[in-house]
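When the chains are written out, they are named A, B, C and D in that same order, and each has its own residue count from 1.
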Amino acid sequence: MSHNTFGHLFRVTTWGESHGPAIGCVVDGCPPLIALTEADIQPLLDLRKPGGSRFVTQRQEADQVRILSGVFDDGNGPVTTGTPISLMIENTDQRSKDYGEIARAFRPGHADYAYQAKYGVRDHRGGGRSSARETASRVAAGAVARKVLGETIRIRAGVVQLGPHRIADEALDFDAVYDNALFAASADVVPAWEAYLDGVRKAGSSIGAVVALEVTGVPAGWGAPLYAKLDAELASGLMSINAVKGVEIGAGFGAAELTGEDNADEMRLGDDGLPVFLSNRAGGVLGGISTGQPLTARVAFKPTSSILTLRQTINRDGAQVDLRTKGRHDPCVALRGVPVVEAMAAIVLADAMLRHRAQVG
Amino acid sequence: MSHNTFGHLFRVTTWGESHGPAIGCVVDGCPPLIALTEADIQPLLDLRKPGGSRFVTQRQEADQVRILSGVFDDGNGPVTTGTPISLMIENTDQRSKDYGEIARAFRPGHADYAYQAKYGVRDHRGGGRSSARETASRVAAGAVARKVLGETIRIRAGVVQLGPHRIADEALDFDAVYDNALFAASADVVPAWEAYLDGVRKAGSSIGAVVALEVTGVPAGWGAPLYAKLDAELASGLMSINAVKGVEIGAGFGAAELTGEDNADEMRLGDDGLPVFLSNRAGGVLGGISTGQPLTARVAFKPTSSILTLRQTINRDGAQVDLRTKGRHDPCVALRGVPVVEAMAAIVLADAMLRHRAQVG
Amino acid sequence: MSHNTFGHLFRVTTWGESHGPAIGCVVDGCPPLIALTEADIQPLLDLRKPGGSRFVTQRQEADQVRILSGVFDDGNGPVTTGTPISLMIENTDQRSKDYGEIARAFRPGHADYAYQAKYGVRDHRGGGRSSARETASRVAAGAVARKVLGETIRIRAGVVQLGPHRIADEALDFDAVYDNALFAASADVVPAWEAYLDGVRKAGSSIGAVVALEVTGVPAGWGAPLYAKLDAELASGLMSINAVKGVEIGAGFGAAELTGEDNADEMRLGDDGLPVFLSNRAGGVLGGISTGQPLTARVAFKPTSSILTLRQTINRDGAQVDLRTKGRHDPCVALRGVPVVEAMAAIVLADAMLRHRAQVG
Amino acid sequence: MSHNTFGHLFRVTTWGESHGPAIGCVVDGCPPLIALTEADIQPLLDLRKPGGSRFVTQRQEADQVRILSGVFDDGNGPVTTGTPISLMIENTDQRSKDYGEIARAFRPGHADYAYQAKYGVRDHRGGGRSSARETASRVAAGAVARKVLGETIRIRAGVVQLGPHRIADEALDFDAVYDNALFAASADVVPAWEAYLDGVRKAGSSIGAVVALEVTGVPAGWGAPLYAKLDAELASGLMSINAVKGVEIGAGFGAAELTGEDNADEMRLGDDGLPVFLSNRAGGVLGGISTGQPLTARVAFKPTSSILTLRQTINRDGAQVDLRTKGRHDPCVALRGVPVVEAMAAIVLADAMLRHRAQVG
């Protein structure tokens, strides 16, 4: 992917810094005649909005999206016109403050040092471009992608592991995700997880997590050899999300322990003449091309690097300093990552749909 | 990435099927004046060559590479000219045989069904385009990439897990990798692993594995926000390798269990005034940009899908059949994946180097 | 180029419709540490602003540009940070009116029918996406490109032919361009041309023109074989400007009448040891690569299609209608095309500079 | 376009030097199930083959194409499989000779100096990468593109101006092109043109020419705003051909002299309910999108730079020398450019077809 653009035909270019006047994106290549208003986007943005519960950053953002182009109402309601859709979200809670030490010191685990080493300059305010705030643009673009994909494709994600605590595969329930403040893919774990995360939060610490993704309704045939494999594109899109350190498809790392007999999904014919797979170790992708089975993936998020504990680091002046990252942070950044994982999956799939249609018709 | 092209500035386009007359690639965008002959490429190809030991496919291939363009000797030895480098490897062991059932049946775990569903046609001979044979082209291109990167960047990979058997982190020794037929990153495990893999092989079965990657010498600053992150590009490149089902960077999925205190790598100043990181959970990448620490990743390979056990499947005629995949196969496809992982890392890094130079000079 | 994005490394994505709330662009891949404020952009925008003279559309637009991202002041004045630069220009004069017949009829010479045929919908207000208004975004992005290129590269364009009236090559004076309302590359022709164009304007008609481009200071070596040739990229960029129907480099179509002796520019050595070309038929490009000579090109603009004369056409309802395009129009769209030609040249060259630096260092 | 790759979805990557072992290309993104054999490609290659008449270079090349991948015969004849099609043409007439002075001197009008300035090295043998020999790869790829486009789209080109001699628009006859050695688009001019070009040839000189292109059968709707305009893509593709210095669409530079009344093509309804344009000044493209009218363009070729007259130049050693380019050359390079213009048009259109299908379905 090129710089700040993701996708080949369904292309999303995002821009904006955490504490600039606004963030946004341009969605280009969208098919025409798709009904689209801000009301299609806002609910998804609200899901990842800061300030929603005690488990997410207390920054207050309305995250109100505006469509600036690419949609026109010719009498039958607003539809996409096939031209670029510009989406903008103003930053409303850029607290004016003295960034003090943060402006010069490199926060451990953050992109501060890497940006400075690359560019020789960085917008230090709230993480600038490397802030998780950018993911709002992804969610907005993902909302458009979902409209392109249509109703038959269902994209769902949820937290399946919070630190050491895991949801068993058989207990996984994506319907529960948006009914709890932890985005957990099981209602049963919520009380215990809330207690656990309250402890983390009160200690001024943070914790990592794993988000699972499941997409149903993808027809067989999407994706392409060899470098545009559907799983490679998905890996690229998911790994590009802030704080993600691992991506696996289907059995993933578990496949390393499987024998050929256990791993290869056998096939039978269904009543409708379509293939029925007897298992889904492949996670819905073989040879980089979808098989018609549910697409499954898992994404590992590292813990938020901003914590209250004093940490050793260095600063731009070449001095060693001890730093405590005060401010409004997520105790588990993966939580608000759930709608972002869904959004990136939607963007990857919308692009794959158009690319498939281009080559095969 | 686009279809069969990988990379933005250092671009590799591969072509060819397992049983066609040849396979090959075009390496475009290579800087000029780099000394290059077939002797720079052949040794790396020989590492992944079929027929090298009892643990890899018994197909006999010379895998002799030819440079067809892009290199010129103006009196001081052959150097790259900045124009496309065309590399070709002829297929010499395309056994003429009756593919029989395989021509119509979809082998479980293989790309057969997905290709047929997408294209309505597939070259069934030896897996056609989806054969691991294509990885020879990647290794050849990777050899060119290594020349671009130069001597200070060292790229090494090795098998660190074979089925249930793992090498402890502290025992990891990349120097051992090319001294044993298992490409294991520790000499100590070799006898036990050989016995284990012999058992798998004799049972006509196969097993998955994990390959670790370590790259030293990458300066701070390579990679770029947000969709061209170095780790996202690496994830894309590694996930595109045949049989790969998972990629993790640094602490990877382990990061999901870490607290912020344990995860964020603290920094001190070294004697040379450069930062010294006290740990490397980040795997050498923060915010998608290299930090100067070793780049570390792990890649999960599924077991070879071709096994001798009879398996249930369907065929193109809409019938249910039982299939046994005879032929010459790798009991653990990850073994020969080691040079391929190194090659893809080299290609990703050569591209990142050029992209960084473009923007920052 | 992809959809609405131009460039490979220095990438410009534009968005917006003539009568939407705003237009704008995202400039991605800009090198860091370049001083940039709105004051670097606004003067160039003002050059092509509507309402500037009686020879351009009377639409009143402030064309005030805002930088929304990618620039940061770390104490030494605002500089680019290497992240995407989002530029926005609000549309202030979107007259609320009844588009009446225009909403359904296809104006001859306009993109109306083509857009409708492609997308099944179009924003008919003022031409929507196909309006020359979009070129404001190009000029804004071009201003950034000029900063990337630096002072030594000088980009100048001017009108050299207005309808049947031509400026002789030996009379060409780019210094005169921004001193007359016709953007003519010679002060001498201005009185006669003004009289001529007044006649055209008062007749409710329009006329075509040719714009010449000259860029000095481009070093030898930019551009690349074979599909990224500097002249091919320039042709693509210039042909993408509204109303452009032809592009020629150096001698251009005149080269068709030259013999080999007259066409090939001979070379001698200058006092500084650098080559001196004895002529510049090549227009500064050989084999798609710059030679260090001035880059010269000429661009043909068709006349504005909106005229007061009644014209035959059809509408969306499948009826034949006669149409007169009322409204505020340019009698010669090429005039305001001059800053746009300069801007596209700047964008092409900034991209070529970064690409060259990437490959050759 | 990127380096040596042309196209976005229908992608052509060419490689090879004039005097290397072979040249070729990889055609990626081709739709599957299209019947394709070498017999579909060879006749088009034969059209531009050296040695065909006294008006083209006397180099003897069989120009025999081989398909190395991407085509498979599953019982119903060879068809494309959707995977990369690798095409190779061996160079058979690379005369072993002493290049002598040419190896060091920069031939005026050639790319020699520009390549040397860029790369610091160049394959001087026969022009290396900048040789017109590369256009054989384009013709081969264009043959595949034609198969993708199908029979209803007819692509024809022909020489319409040879030096000062022009064919009147009303005399233009594309059917005559391949029946005369001059590729002239009129049988009537052939005797006079042959006499003229014989004079040029015998004088050891060369002459420029203009090639016209006409494509019929392109449906309305191909192409896209704003940087992927069909005419911009065509301009890029045609300008990338060796020796091309100008491209115009429809009325082209002539549009600069037209009034709005004369330029804008009026529309009426045909009996079939489809629009009928009363003229075609637009050349079949409005707003960058095809209108369903014939696509028309004209391409200016400069004269061959290799001539027998002694010319002033410099060499790599920083000396001024006088140079005569001996060898086998085309007195008018545009002649063999005719099939190349057709090929590039086919490649641009195949790409546009797939891109249109992707977005609009």
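Some notes on this structure:
Please note the rule applied: contacts are C-beta pairs under 8 Å (C-beta built on N, C-alpha and C of every residue); 3 or more make two chains touch, one makes a residue touch a chain.
Which protein is which chain? UniProt says A, B, C, D = Chorismate synthase.
Remember, predicted model here, so these are calculated numbers, not experimental data.
Set side by side, the interfaces B-C and C-D show unequal numbers of C-beta pairs in contact, with more at C-D.
The most distant chain from subunit D (Chorismate synthase), with centres taken as the mean of CA atoms, is A. Here the spacing of subunit B (Chorismate synthase) and subunit D (Chorismate synthase), counted between their Cα centres, is 38 Å. One simple way to say how far apart two chains are is to compare their mean CA positions; for subunit B (Chorismate synthase) and subunit C (Chorismate synthase) this gives 45 Å. Per-chain CA centroids place subunit C (Chorismate synthase) at a distance of 26 Å from subunit D (Chorismate synthase). In subunit A (Chorismate synthase), the residues that reach two or more other chains under the touch definition are 2-5, 8, 14, 29, 32, 82-83, 118-120, 129, 224-225, 360.
Every residue of subunit A (Chorismate synthase) that touches subunit D (Chorismate synthase) in the complex is listed here, in rising order: 8-9, 29-32, 82-83, 224-225, 354-355, 357-361. Taken together, the subunit B (Chorismate synthase) residues at the contact with subunit D (Chorismate synthase) in this complex read 2-5, 8, 11, 13-17, 20-24, 26, 28-29, 32-33, 66, 68-70, 72, 74, 79, 81-86, 118-124, 128-129.
Those residues of subunit C (Chorismate synthase) that touch subunit D (Chorismate synthase) in the shared complex are 1-6, 8, 14, 106-111, 113-115, 117-120, 129-130, 134, 161, 163-164, 200, 205-210, 220-229, 231-240, 245-261, 263-269, 273, 275, 278, 281-283, 285-292, 298, 300-307, 309, 311-314, 318-320, 334, 356, 360.
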